[in-house]
Structure formats: structure tokens, C-alpha cells
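Report on the structure given below.
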């Protein structure tokens, strides 16, 4: 099973720039040892267990809580597929191959 | 603390109509005993612990897994606010009061 | 065709409470004359043209821009279905009927 | 102004694998000439006008409509910031720099 989690979490009580807090979240994600990709709009993490992905979300909130955030917003997307492995790479490869075919 | 979770989860391998599967998810949410609101685009649940909200998400997936879904998509939004209680009602009341002021 | 748009938009440079700004957005939605439902996590609007839904999103941003917001975040979900009408009510009715059957 | 749009759109009436349809969407995005990044969970596009981003969303739907999709789901996140340019790169650079500082 491949669980892909696209995930952004940030405080809404810390003003216009929240890169300090977002950096704490991403450091926590990196510390999990799970494969991840940083994007300009969030982070994508892959696991083979949904619970593992959701526990990571909870730990990321705890980091923001400890950093003094009073209000936190998060947006998550999950793509859970049985019988798939290495979904992060497989999905990209599949799309890239097909786009290539379209344009050639 | 008030945790508001807006949440939709559905299989993508079961064709155009997924109301059977969505009904299973909502029955699981209702069975949790947590306050919830059904909307045409998802369900909103309130808890005072983030972990409780995320465990519910996991149980909802397990229900779809048992129902034979091979691929499941979910979209979640979280609004976590310390020092707030009864956020589901408080937020609506606050907005409705202000909209009333704008139009009068 | 029925286009359902679930939609939240708020500034992230205005501190912890943004109900003043969210009220402006909802007043704009109401002013559109489109059927809508207010929820604790966003607003759901129904149209029969995707362009109409997206123009409304743009007008809502313009309202926040005029109100002095420097940074705005929005989250949208779209469910676009051909051959459906009155999707907001139809979806809820379908789910409610099935949940009732499950519990009876 | 920098408008970042994170965006996924797919049919839900075409079975478990939708990479054919997703490829059509991404070809349309690429054809727009706007800077974009492909991720395993969607595509990120940058413009300096919100309207331009939303028109692209509409064109992507039209592509799926022409390809015979009866039901389409989309999830969008917008980060709109005045006085920022090249937001896609700026945000990543800012986070990467801070993560480096945290771990060193």
C-alpha cells in the first residue's frame, strides 16, 4: 500500500510571514525519516501506513503548539492506493511519460 | 482547545456515484459520538484533541478498505484554536452577526 | 450540469481573528444571488457554469484586496457533474437516506 | 503580486487509474506558458494575476469535458501575496535556508 500525503500547516496568528514556523514543521517531517518532497505549497510524504502519516501530522502540530502558536490551519490531501509501492515516483513517471507522448 | 476538521473521503475506483461508500464514512463519523455537521461537500467534526480527529479519519479509511475500495482520496482542512470552545457554533454565530451588520 | 464549490478564503496578515474579513467574503457570495450554504469551515456555492463559480472567487479576493489584505490564502474543492441539477440538495438527500437505512 | 496555485483535477467516473486524464490537464497547464512544477499530488502554477490562474483551471476542466468525463473533482489552494515576485522559488529558498540553520 502507498499512502501519499500532501500537507501544509501554518499558524494564522503570527503575521504575514510564517516561514519560521513552516520550517519547524518541515524539520519535523524530515526528522521522521519518511521520504518527502518539499514544494512551494506544502510537503508531500509517503508511507505504507495511514496511521504513520496521521501521527506525523499530529507531531507537526505539537511543534507549532510548543512554539507558541494560538491558531493553526492545515490542509491535507491523501491518495491511498493498495497494491502500489513507491507512489511518489511512480505517479510522476507515469504522467511525464504520457505528457511526452502528447507533445511528440 | 477546539479542533475543527472539514473532511471528505471517497473511493476513486467505484465509478461516478460513490454515495454508498460516502454513507459508510458518515455512519462511522456519527458512530464516534463527536458533534458533526453534514454538508454537500464533506463533513465537519469538532473535538478538543487533534489526535481524536485524526483517529477518526483512520477509522473511516478502514471502513472503505473493508468495503473493498482499492484507491481512496481524501481532503481535509483543520482549524485548531486554543482557548476556544464550541468552535462550530461560535464561528457561524460570529459571521452571521457580522453579515447582518453589513446588510442592515 | 451542477458545479459545487466549497470555498474558504482569509487573510494571513491580520492576526488570529479574521471574522471581519471572512464576513466581507460571505457578503460578496450572498450578493451574487447564487444558492449557498455557510458552514463553520467555508461556504458552499452551486452554479451550472464553472466560470461563474471562478469569477465569484476572483471577486471575493478583490474585496479582501480593497480591505487592505497583503496576503490571502484560499482553499477550494470543486465537484462538477454533468446531468445533475440541484446538486447541493440531491447529495445531502442521497446520503441522509442511506445513513437512515444503515442505522434502521 | 505573486499568485501561487496548487491544483489537482481528475475525473471520478473513469476508474482507479486516471493518469491519461491527468496528463491532458498537465499538457494544458504546460501549454499556458506559465511557470509550473509537477508534484506527485498536483501541479503548482505561478502567475501575477488571479484571473489568469482561474482561467487556466477552467480550460483544464474543458479539456476533461471534451475527453468525455462526466464527473470531475478538483482541489485548489491559493497563496496570493502582494509585493512578492517569483514566489515559487522565494518560498522554497526561504524554507531551505531555515531548515539548514535548524539542523546545523
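Note that the chains are named A, B, C and D in the order they appear, and that numbering of residues resets to 1 at the start of each chain.
Note that a contact is a pair of C-beta atoms (placed from the backbone, for glycine too) under 8 Å apart; a residue touches a chain by one contact, two chains touch by 3 or more.
Keep in mind it's a predicted model, so treat the numbers as computed, not measured.
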| item | value |
| --- | --- |
| A-C, A-B or A-D - pair sharing over half of the B-C contact pairs | A-D |
| Which of C-D and B-D has more C-beta contact pairs | C-D |
| Cα-centroid distance, subunit B relative to subunit D, in whole angstrom | 25 |
| Distance from the mean Cα position of subunit D to that of subunit C, given in whole angstrom | 20 |
| Multi-chain contact sites of subunit B, meaning residues that touch two or more partners | 16, 70-71, 73, 75, 77, 79, 81 |
| Contact footprint of subunit D on subunit B as seen in their complex | 10, 12-13, 15-16, 18, 70-71, 73, 75 |
| Residues of subunit D defined as touching subunit C within the complex | 9, 50-51, 54-55, 57-58, 61, 65, 70-83 |
| Residue ranges of subunit D touching subunit A (in the complex, touch as defined) | 4, 6, 8, 16, 19-20, 22-24, 26-27, 30, 37-42, 44, 46, 75, 77, 79, 81, 87-89, 91-92, 94-96, 98-99, 102-103 |
